[in-house]
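Right after this note come the structures.
Below are two complexes that have subunit A in common, paired first with subunit B and then with subunit C.
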Partner chain A sequence: MSQTIRNKAVGVETIGMTMRFGAFMALDDVSIKVPAGSFHALLGENGAGKSTLVKCMMGFYHPTSGDILVAGREVDIASPRDASALGLGMVYQHFTLVPSLTGAENLVISREKVPDIIDWRKERAELAAFMQRMPFKLPLDVKVAELAAGEKQKLEIIKQLYLGRSFLVLDEPTSVLTPGEAQEVLGLVRDMTRAGDITVLMISHKFHEVTAFADDITVLRKGKLTGTRKVSDLSQKQMAAMMIGDQPIAALDSRAEPKPDAEIVLKVKSLKAPDRTGLKSIRIEDLGVRSGEIVGIAGISGNGQKEFMEVLAGQRARHGGEVLIKGAPYASTRGEARALNVRLIPEEPLKNACAPKMTVAENIAFRTFDIDGNGKPVSWISAGAIKAFSARLVEQFKVKTASLSSPISSLSGGNVQRAVLARELTGEVDLLIVSNPCFGLDFSAVAEIRARIMRARNTGAAVLLISEDLDELLELSDRIFVMSDGALVYETPVAQAIVQTIGEHMAGHH
Partner chain B sequence: MADTVSSADVPAMTGGKGFPAALEWIARRAEGFVIPLAALIVGMVLFSLFIALVGKSPVQLYETMWRGGFGSWFSIQNSLSRAAPLLLAALCVALPARLGLVVIGGEGAIVLGGVAAAAVGVALNGAPAFLVILLMGVAGVAAGGIWIGAVGALRHYRAVNETISSLLMAYIAIALMNHLVEGPLRDPTSLNKPSTQPLADIYRLGNIPGMEVHWGLVVGIVACVVSWLLIEKTRWGFAARIAGGNVRAAQVQGLAVGPLIVGFTALAGGFAGLAGMLEVAAVQGSANASLAAGYGYTGILVAFLARHNPLAIIPVAVLLGGIDASGGLIQRRMDLPDATVLVLQGMLFIVILFSETFYGRFKAFNPDLWQRPDFLKGTI
Partner chain C sequence: MVATEIGLWGVPLAIVGGAIRVSTPFIFVSLGEAITERSGRINLGLEGMLVFGAMTAYAVAVMTASPWPGLLAAAAAGLCFGLFHGWICKFPGVNDIAIGIALMLFGSGLAFFFGKPYIQPSAPDLPAIPFGGWSDIPQVQAALNVNVLFLIGAALAVFLWWAFRNTRVGLILRVVGDSSDAARAMGLNPDTVRLVATGVGGALAGIGGAYLSLYYPGSWTERISSGQGLMAVALVIFARWNPLGCFAAALLFGGAGALGPALQSVGVTQGYYLFYAAPYILTLVIMIATSSPSRSLAGAPGELSITK
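Entry: the complex of A and B
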């Protein structure tokens, strides 16, 4: 196949795509046109139909009705194999490379037909020749596990080109990259579209990326096409309006003036703990969070944030150091958390903060089931009281659930997070520790959840916000730390924060 | 702001956006009843095929089984007697299961509980009967509790797989029993079947008045009811369900997962140890190899069939006790080996495990699907 690798961009069009799951319309008469050699962005909230649309293009789904044109010709895409034969390929949000193999091995095994006995010398020579034609260079003889996230993403794209694809769907390709890496990868992709090598359809949530790199955007809302526009004709505000329609978005409370002399609620000193491999350790030398401020911790996933959170939650043993809350040593017991009003909201709430098969009502009662109205421990619990309590919180926090007796796993991600917030933000909160609270949630849920965190800050809570979303940190934090390789390597007040500098520290370039 | 679960001034929300509340209540509970029942029937049909294959009549077999298990007052009493230890053995599986642990070594706790009880009964020979029987019970509970509690502790503090360790510890327990009844605790007059010294008659547990069934049945039923209350109605049970549903969430809530696991496994082992004590005090009269009669293993099947619900264990234990009781009759009447019922139990177990995959799939049992036309979305 090596001789035939020559990518020439093709355009793809859908006409009247409709996809019905039972009585549910996931896609309703969607027609989009992605001309050859363009960089096209596909926007929409979670559940708007973006994935369904591209899965129809890739042959994973069979649309209920509608047609697909590739290079102007009507085609029948019955399976992913058909799609790849037509040169259509997809790069997923998460890596699909085998970490223990080298780049070259990953490329070769990704081919549809791999010979039973692989002649590596020949393959390597062909790969070298292939890489000569690529616009960027990558080491193909190191294990993928040793590559940085940006390099892995480049390898994913190279893989698609190696497989002869000329139309690429990129599904949130920068969600695991630093700002610098994201710029570089998207820049390279754009150059390839300009050169007419490929056509790109990118699913994205990040307006600034879309504005900077895409030519056109198509917006979907609730399965329907809102419109296709030239990016240059739109402001980010207009894009947001196209995505969410006229539903109200929770506005962030204005930031109450920070008090630099407010009480230090959380103090972490010389904390050491093993990371998940057990080979390295995380070290937090000195971190203080005052009442009424949000301290953000930025960093690429896997630099010790998870471990730090686990130490604070009492899930991971410490190898020394201190965690003080209001001056008292804190060992993460239920009694201490209750006495000191400490609340923890880990990332992926369904996985880390809920019992998926227990009911919504029970999950909401996790924090308070064992005490009565005066905070005294009780032995007997009452299902009726739990339901009444949860009913009130479900209403206050607008949790959408079919019933209080539904298992919490039947809720959408945004509503699971709302239920967890209802549980953790009710009552007095002195310290709130949150990790990636908005990951994977839709626009209105994100706005509402951020507004609640800001409100907690304004009413005097000290907030530690660990997030991989730099935009979120810039929007909410008063101060930002960067965590890299298990340590806090950089600190800046948000007013003086420079994305470039933060990005460099995230990447460990200092 | 009132910040507790017991603020009573809030109107209760009934069934969300207008499910008929009673219907929802029934639907959510019917699933846990209908699916195991269907599995039971499918298992019995498969077993019929097996019986037909060996050239016997399945109809006659089930008829015999019914007669042997439930067909007469005599056979019913026989079944209930066999159900008594099954109730307690099943709790030894069901309680840890609510914490997400699969403990299958209840047999070991039964055996050790029986030996400990017999040793106490012999050592205290001469003391008042009620005291000795009470202390025999305590000894049985303690022996079983320590044994399975150790499994829980190994699991939590050293991350040793509880399924494997409980099974291996059951083998150790049986070996230990053999050592004790053949050595230090042996009654020199027990020649063919090494046993401890027989209990004095006043220390034997009698029958429930009007029945040929010993008091162990009542003890077992009480234990099931107490376990149900513990799990469903107390804060420790609620905490255990959180830990069983998601141990990470329990840790984030600051719940003391370690003590919960050790406590629940110890209680579970205690119940199994009590079963051993009852076998000694009510049936055998001494501790010997008959203690390892397989109740611990049948208890696993009972607990799974009952979906680890202590109240459901009661009827299921009676059913399995009946199947067990009919083994002898099947052997005599149909010329089949008495291991035939083990084949049936095995088939039932496989089908029950398989049926676990059907939960949440049926719209009728899942009110969350009633108002969501998009429910298929997640399944494609």
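Entry: the complex of A and C
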């Protein structure tokens, strides 16, 4: 690769893009125009057709009908290879870098033409020259696995530029970044569009990012184009209306006044547990959650929140320390959870809270199938009672399922979460432990789940909410802790919370 | 007379000599397995390929009266077995470990079946280079009588170590082994890469087998392999998928394997059978020492089914 890499923004246009999967219309006559050098945002709920649209542009799907214009010329994109030849590149939500290779190795091997024997001295010199012209500074000689999430995301973008791409699709690029990192990465990307180096089409669901960085937005709803507007002409409320149409959204209950002297339901004292790698450990020195409050735990993925949740759920052994619930030691057994009214809504509910191949009815009855109305153990399990109980809950929590005897894995993500909520929020709840409850769910499901969590709080439950979504924490919590590198490093009441400060603690800058 | 001159020094000398002699099949099988595992697949069938390779090499060497066609035939047989493993494993829902075990039994069984007529005749040996000419002591000369395959294996280890970093093929292999998704995003077909990697791994195991029947012990019997193919898998994990580590670990295992005969040769008559078990005990100890209940192995290829 002796020629220097130059990027020059190109515009991309789709005309009448239609994609049908059997009887299902994923995209219906969508025409969008992304002019050269612009920063364009693509919005829409889950299943609105955003990824279908960009996958058609990238050659992963072949549209049923419709045309693509690159730099004003009609092109035929039959495969991802064709797309890259035209300078179209995509940065995926999940990293596509190879973790055990160094940054330099990742860049070189992703190139179209790699020599049989790699002359690292020459490659390094060329990479250094290339990095000189990049807005990001990155260490290229460490393994990607050792980079922070923000650095990985930057490397993904740099990789696309290194490959000479001039039109980039970013799929929710900030979902794994701290607010500070998100600002930095998007700011630099915007500067590059301003300089005319690249055109960007960003899939996002964060309104504040769209408002701050994008020039135009296109909104899709149920596979149809709702419209393309200038960002400066729209308020966030209008954007939301364009996305969800006129369907009703569950409103959050107003927050009941917190009682500072309420009973401390959950108390964690000098808890220690090994983390995923076994090389480090998580340490929770002191954490108390009172009845009638939501305590949020913020942090970037991989800082020990998952392990903490697993300890509380009984999925991970602890090395030391105490978990007390209403003063009683808690070892996460089924008996204790039942006696102390502890309920759990873990992340990835299908994996952590369900038996995927068992039926919806059975899954909903997991907490209660072996006791009768008075809490006495039964010796004979009644399938009829399980069905009746589940039918009532399915109705009450609006779980959409073909039948009560379908396997729960056949439900959509939002409905699995609703079924788990139905199980966990029925009956008396003194302590509710929640982790990333809305991950990957659409607008209306998110609103409803948050409303239910708030309602549980208002009726006197103590809620521990572990989330990677800072907006969610700011909306729901009474107090926010930041978890970084396995420990709680910062605490603030939500009224005094400053996103900037929280972000700095998340990044471990303190 | 000379033996008494060097006395107990004979034990470490025999271990060194034994390490060089016994380690060669370990080197080839473990390098082959390192290639296969680096591509994200585990091939437990190498034991079967080793035994089948030993039989093929011996049979062809007897028929052609030269060890080299035997060596090539063993490599070709291993390649076929490896490709077969790689081909079956590309189908969804197929478990590479189960197929490996099946191939291990199949390869050994087939070798016994075809190998019956070759237990009696004797085949020409692979040549060795005497590096011990400077010494008058026969034990030293014997210990330093190094087979060409050992030297090739050592060179191969260094080459692979270099190639994993500095060649396109090496990088592609590591990409595929670490992340199928990333590989697909680059337009690579992980199944093809793994097919080739398993094939090459099988060919190297076949060469390891040829060494067994054509040099040390140097005859074809049904008990020719004492689990070298399986121990090599443990060895690759112990070596953290590093070819140089594989070479060093193979020497260590070879040395351990030579402990029993060495003690016997200096006149220890009691309990030396226990020392024959040294390689197996070493395997166990290494597996226990390098495993942990709460974490996955550092440095393991991400796509490997045993470490996921």
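Here is the rule we use: the second predicted complex is superposed on the first by the 507 of 510 C-alpha atoms of A that agree within 3 Å, B and C clash if a C-alpha of one lies under 4 Å from a C-alpha of the other, contacts with A are read in each partner's own complex, and residues count from 1 in each chain.
Methods note: a residue touches a chain if its C-beta (ideal position, glycine included) is under 8 Å from a C-beta of that chain, and two chains touch if they have at least 3 such contacts.
Worth saying up front: this structure is predicted, and the values here are computed from it rather than measured.
*Asks:* In the superposition on subunit A, see if there is space for subunit B and subunit C together, and answer fit or clash.
*Replies:* Once both complexes are aligned on subunit A, subunit B and subunit C fit side by side.
*Asks:* Report for A:G427: first if it touches subunit B alone, second if subunit C alone, otherwise both or neither.
*Replies:* first
*Asks:* Would you please give the vertex angle at the Cα centre of subunit A, with arms pointing to the Cα centres of subunit B and subunit C, as a multiple of 10°?
*Replies:* So the C-alpha centres give an angle of 50 degrees.
*Asks:* Looking only at contacts as defined up top, I'd like to know whether subunit B or subunit C touches more of subunit A.
*Replies:* Partner with more touched residues of subunit A: B.
*Asks:* Answer with first, second, both or neither: which of subunit B and subunit C does A:V114 touch in the superposed model?
*Replies:* second
*Asks:* Going by the contact rule set out at the top, does A:S100 touch subunit B (first), subunit C (second), both, or neither?
*Replies:* In the superposed model, A:S100 contacts subunit C only, not subunit B.
*Asks:* Going by the contact rule set out at the top, does A:K398 touch subunit B (first), subunit C (second), both, or neither?
*Replies:* Once the two structures are laid over each other on A, A:K398 reaches no partner at all.
*Asks:* Kindly classify A:K259 by the partners it touches after superposition: subunit B alone (first), subunit C alone (second), both, or neither?
*Replies:* Neither: A:K259 stays clear of subunit B and subunit C.
*Asks:* Applying the touch criterion given at the start, work out whether A:P356 contacts subunit B, subunit C, both or neither, answering first, second, both or neither.
*Replies:* In the superposition, A:P356 touches subunit B alone.
*Asks:* For A:Y61, is the partner it touches subunit B (first), subunit C (second), both, or none of the two (neither)?
*Replies:* So A:Y61 only meets subunit B here.
*Asks:* State whether A:R73 touches subunit B only (first), subunit C only (second), both chains, or neither.
*Replies:* Neither subunit B nor subunit C is touched by A:R73.
*Asks:* Classify the contacts of A:I371 with the two partner chains as first (subunit B alone), second (subunit C alone), both, or neither.
*Replies:* First partner only.
*Asks:* On the combined arrangement from the superposition, state the nearest Cα-Cα distance between subunit B and subunit C in Å.
*Replies:* 7
*Asks:* Which parts of subunit A are in contact with subunit B and also with subunit C?
*Replies:* none
*Asks:* Which part of subunit B faces subunit A closely enough to touch in the complex?
*Replies:* Residues 1-8, 10-13, 15-17, 19, 24-25, 28, 233-235, 238-239, 241-242, 244-246, 248-256, 360, 367-368, 370-377, 380.
*Asks:* Mind pulling up the subunit A residues that touch subunit C in the complex?
*Replies:* So the residues of subunit A in touch with subunit C come to 80-81, 92, 94, 96-101, 105, 108-110, 114-118, 120, 274, 276-279, 317.
*Asks:* Going by the contact rule set out above, which residues of subunit A touch subunit B in the complex?
*Replies:* Residue list for subunit A touching subunit B: 21-24, 26, 61, 313-315, 332-338, 344, 346, 351-358, 362, 365-373, 375, 377-382, 384-392, 394-395, 401-407, 410, 426-428.
*Asks:* Using the touch definition from the top, list the residues of subunit C that touch subunit A in their complex.
*Replies:* Residues of subunit C touching subunit A: 165-169, 171-172, 174-175, 178-179, 181-182, 185-187, 292, 294-296, 298-299, 301-302.
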